[in-house]
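What follows are several structures.
What follows is chain A paired twice: with chain B in the first complex and chain C in the second.
Up next is the complex of A and B:
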């Protein structure tokens, strides 16, 4: 009995999270007359909202831009983050402790505080309206370094020694010994970074004005602000939001095992 | 294969010196065991030879080459680690062959060497398994196979059997000795285990506080320890020590303590200190003590505290003048714990150590 009550509470809690999302999905397939309703099943399902969205703004191009920008940022964070984590965890060099402290200190600085200096820098570099402006500021991530460093500290020293005797250099040790062992934390860092980069709006709004370089959330924001407020417009905006959400949901579906594994092993909670 | 030379090698970690003035020559094909307590520097010496630890001063040579500052991959050494250090994501075959693949050895040659190692170590059924699918002993054999296929100039073993249970340890000890004899590669073996130290090595290097205390054949080190440290460290149970003095009498030297007066056998007379009555420590191995029926000139009387029956041998722990002595005697009827016990010493098998710990016997090997 207690068990049943427990599951009922869990189901109710899940519904409060799921319903708004499912409503959004359903609304994108509804005709303007149905948009205001709470039903999750459209009476006359239609793809008009998607067609309209696609016709009114370059969402295809924005999708490609977003994939390119978020993908590049994720790859950079994984490569540079793990290289930095490896050296901070396993190499002896002067200043290692200070670098470690600086990495932790960076986490304490709010992103809003660095926004203006970073913008000034991008302007001075002449990178406004370029992919470099979208990618470079996010290519290194202190959180990723700390998560990976913590994992690398647990890898037995003998494994590194053995790899060195086998003839490996440091980069090869990192990518052929440490990376296969660190699938879970790498997946977690990858997902978090990708989601962060994918959903980023504020920074692209500051440094990109050219529609051809805009990312999906940026274009969606611009589109929402200028698209009117009628039922048709709402459904079209939600269809655009769907394009934004689907890739993340798909990626999470494939990588959730590693994500949960890593959350459990590192004790990091959302 | 090659000989190995350490010349005045020193290693500091910050302000702490862990190895000092280490001089050792290992002959081609020889298996030398480095033995000592925790923190004596034995693993550091091995790691310096492998290039995994820098040398503070001194020279390390492998054959004709000075390797003091060469990176590990250029030293031509292979190492077997205590925790096996197998790559968890690779199969046994991939683990064994990885070092060869990185050195761009032709595939046919890699296959030949893997087959050869697998045959010697009986690894065939394990080759396609990953480390987590194997037992500790099997993993250790894979680690040995990985070292073997490299056909290195020197094998290094860093306490390779410490993670195994007693039965498997005995089996693997035999395996390592057999493998080393068969391939004939120079080897350095680090352990804190007496049994491994005594049975495996052609020579034994006893270390304490980063210094060599004695080098010699295991049996020589056991029979003629160069100093009190080695005498107490090598041997299980350890050597018994009694403090006293040596007196010169007409019939020859006599050891005198509060509880004992032993005329010394002619063939075991120590080099006496210049003056009579100098303080010395007498050492006697547990197996050189025997149960005595009556009090004789070389008999100690004490109280039996504990009798440990190990099978063929019994360890008798006796309290003598506030000191604990252990006698290893053949199992049989013995006094009950708490009762009096008489133990006789064999005067021909006694050891004597000066106040500075050095042996006073003529035939002791020098450190």
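Up next is the complex of A and C:
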């Protein structure tokens, strides 16, 4: 009896989370006459909303931009970030303690404080409407460096020593000895970084005005503010949103355990 | 040894350069900007404390603060109650446990821009899903986003829907640390399930609750894309958020000095609110 109650609660909640998404998918295939309806199966499915959305704004280009920007940021955070984390964890050099201290200190600085100075910096560098403006400020990430550094500190000293005796350089030690051991933290940092970059919208809204450079969330936002509120426009906006959602939902379906563990671990350890 | 120092400097120098340019310089320059009047086109001029003075008397800024407090007053309790309920329901052997968990977490991984556009469709007065459901019950239509009294609560509900899955996972991790023996002991004394939850589980979950309150409060002060897409800050500025106002000062009005002042005020405000919350929640148990 009590068991049934749990399932009722869970099913109600699941419906609240899933039904809007399914309704959104259905609506993108509906004709304007059907858009207000509650049904999840369009009577006369149409691709008009997708054709309209694709014709009215460069969503294909934005998809490529998003993949390029989020991909480059993730790669940089993993490769250059783990090089920095490795040196901060395992190498003795002047300035190491200061770098470690700054890394921890800037985690306490709220993003709102630096948003406007960062914007004026980008303007002064002449980077408005460039990929550099979208990528460079995210090329490193203090949280990622702390996670990787913490892991690298636990790798046994003897592994490093024997690699050095074999004549390996530090970069080779990092990528051939440390990386294979660090798959879990690397995957976690990779997912967090990619998702953050893929979903970011405030920063692009500040530094990009050229449609050709816009990433998906920004183009989607600009596009949705441009249209009216009629049924046709609503369905078109939702069709545009699908371009952003589908890759994430596909990745999430296959990797949901890693998504949940990575994203929640930032909170659980706190 | 010298080789190691050289490699260390080499491997960390890109990061050091990054910190200098994109962390330390902006932090320092934020304090300079507060004293400037600058439109990014003409040369900046020294403005003394004009920006701070303007902020103190700026009705829009205070309206944005009040709006944020309205948001938090609805969002925080709702978030805690829903997250606790779902975590509590999940904290036992169940069929499809991974499915439930993944479903609740789904909106967390979806971009805020998408969630907001989806909810603009759910909240739409004429063709929206929610008013469609209400019409089945012969209710409504409710002007969710155009009634000044309803718009911010509507955004608070949306934000709860978007984020609650994250907090379910946090509470779930906390619940799994509550020893069964605690419940058994108190239930032997004749306590009901509710009493056992209220007096054993809830106090033990205080660290998680503090985390939920902290992160949700930070989120609340960072509202941007939600009012930007849904309402533009209206109706009657009742959904204007501090970050949206800051964005407009920088992007639309070209007032860099004032925008930076808003950023500094917001950062200080968040710090103060978090300290107060920590005190209040910290002392709740002793009372």
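One rule holds for everything that comes next: the second predicted complex is superposed on the first by the 235 of 270 C-alpha atoms of A that agree within 3 Å, B and C clash if a C-alpha of one lies under 4 Å from a C-alpha of the other, contacts with A are read in each partner's own complex, and residues count from 1 in each chain.
The working rule: contacts are C-beta pairs under 8 Å (C-beta built on N, C-alpha and C of every residue); 3 or more make two chains touch, one makes a residue touch a chain.
Since the model is a prediction, treat every value here as computed from it, not as a measurement.
Enquirer: Have a look at chain B and chain C on chain A after the superposition and call it: clash or fit.
Expert: Partners fit side by side after overlay.
Enquirer: Which holds for A:197: it touches chain B only (first), chain C only (second), both, or neither?
Expert: neither
Enquirer: For A:214, using the defined touch cut-off, is the partner it touches chain B, chain C, both, or neither? Pick first, second, both or neither.
Expert: neither
Enquirer: Which of the two partners, first being chain B and second being chain C, lies in contact with A:222: first, second, both, or neither?
Expert: Touch partners of A:222: none, neither chain B nor chain C.
Enquirer: Could you work out the angle between chain B and chain C as seen from chain A, using CA centres and rounding to the nearest 10 degrees?
Expert: Once the structures are overlaid on A, chain A sees chain B and chain C at 100 degrees.
Enquirer: For A:148, select first, second, both or neither according to whether it touches chain B, chain C, the two together, or no partner.
Expert: A:148: touches no partner chain.
Enquirer: Figure out whether A:69 sits in contact with chain B (first) or chain C (second), or with both, or with neither.
Expert: Once the two structures are laid over each other on A, A:69 reaches no partner at all.
Enquirer: Determine, for the superposed model, which of the two partners chain B and chain C contacts more residues of chain A.
Expert: For chain A, the partner with the higher number of touched residues is C.
Enquirer: May I ask you to decide whether A:139 touches chain B, chain C, both, or neither, giving the answer as first, second, both or neither?
Expert: The answer is second: A:139 touches chain C but not chain B.
Enquirer: In the superposed model, how near does chain B get to chain C, counting Cα atoms only, in Å?
Expert: The answer is 6 Å, the least C-alpha separation in the overlay.
Enquirer: Which of the residues in chain A come into contact with chain B in the complex?
Expert: Residue list for chain A touching chain B: 156, 158-159, 161-168, 172, 177, 180-181.
Enquirer: Touching chain A in the complex: which residues of chain B?
Expert: Chain B reaches chain A through residues 47, 50-52, 71-73, 77-79, 81-89, 98-99, 102-103.
Enquirer: Okay, in this complex, where on chain A does chain C touch?
Expert: Touch residues, chain A against chain C: 6-7, 9-10, 13-14, 16-18, 20-21, 23-24, 27, 35-38, 80-81, 83-84, 86-88, 91-96, 99, 102-103, 106, 109-121, 123, 136-137, 139-140, 142, 145, 169-171, 174, 195, 198-199, 201-202, 205-206, 216-218, 220-221, 224-225, 229-231, 234, 237-238, 241, 244-245, 248-249, 252, 256-257, 259-260, 263-264, 267-268, 270.
Enquirer: Quick one: in the complex, what on chain C touches chain A?
Expert: Residue list for chain C touching chain A: 1, 4-9, 11-12, 14-16, 18-19, 21-27, 29-30, 33, 38, 40, 85-86, 89-90, 92, 94-95, 98-114, 117-122, 124, 126-129, 132-133, 136, 161, 165-166, 169-170, 173, 211, 215, 218, 221-222, 224-225, 228-229, 242-243, 246-247, 250-251, 256, 259-260, 263-264, 266-267, 270-271.
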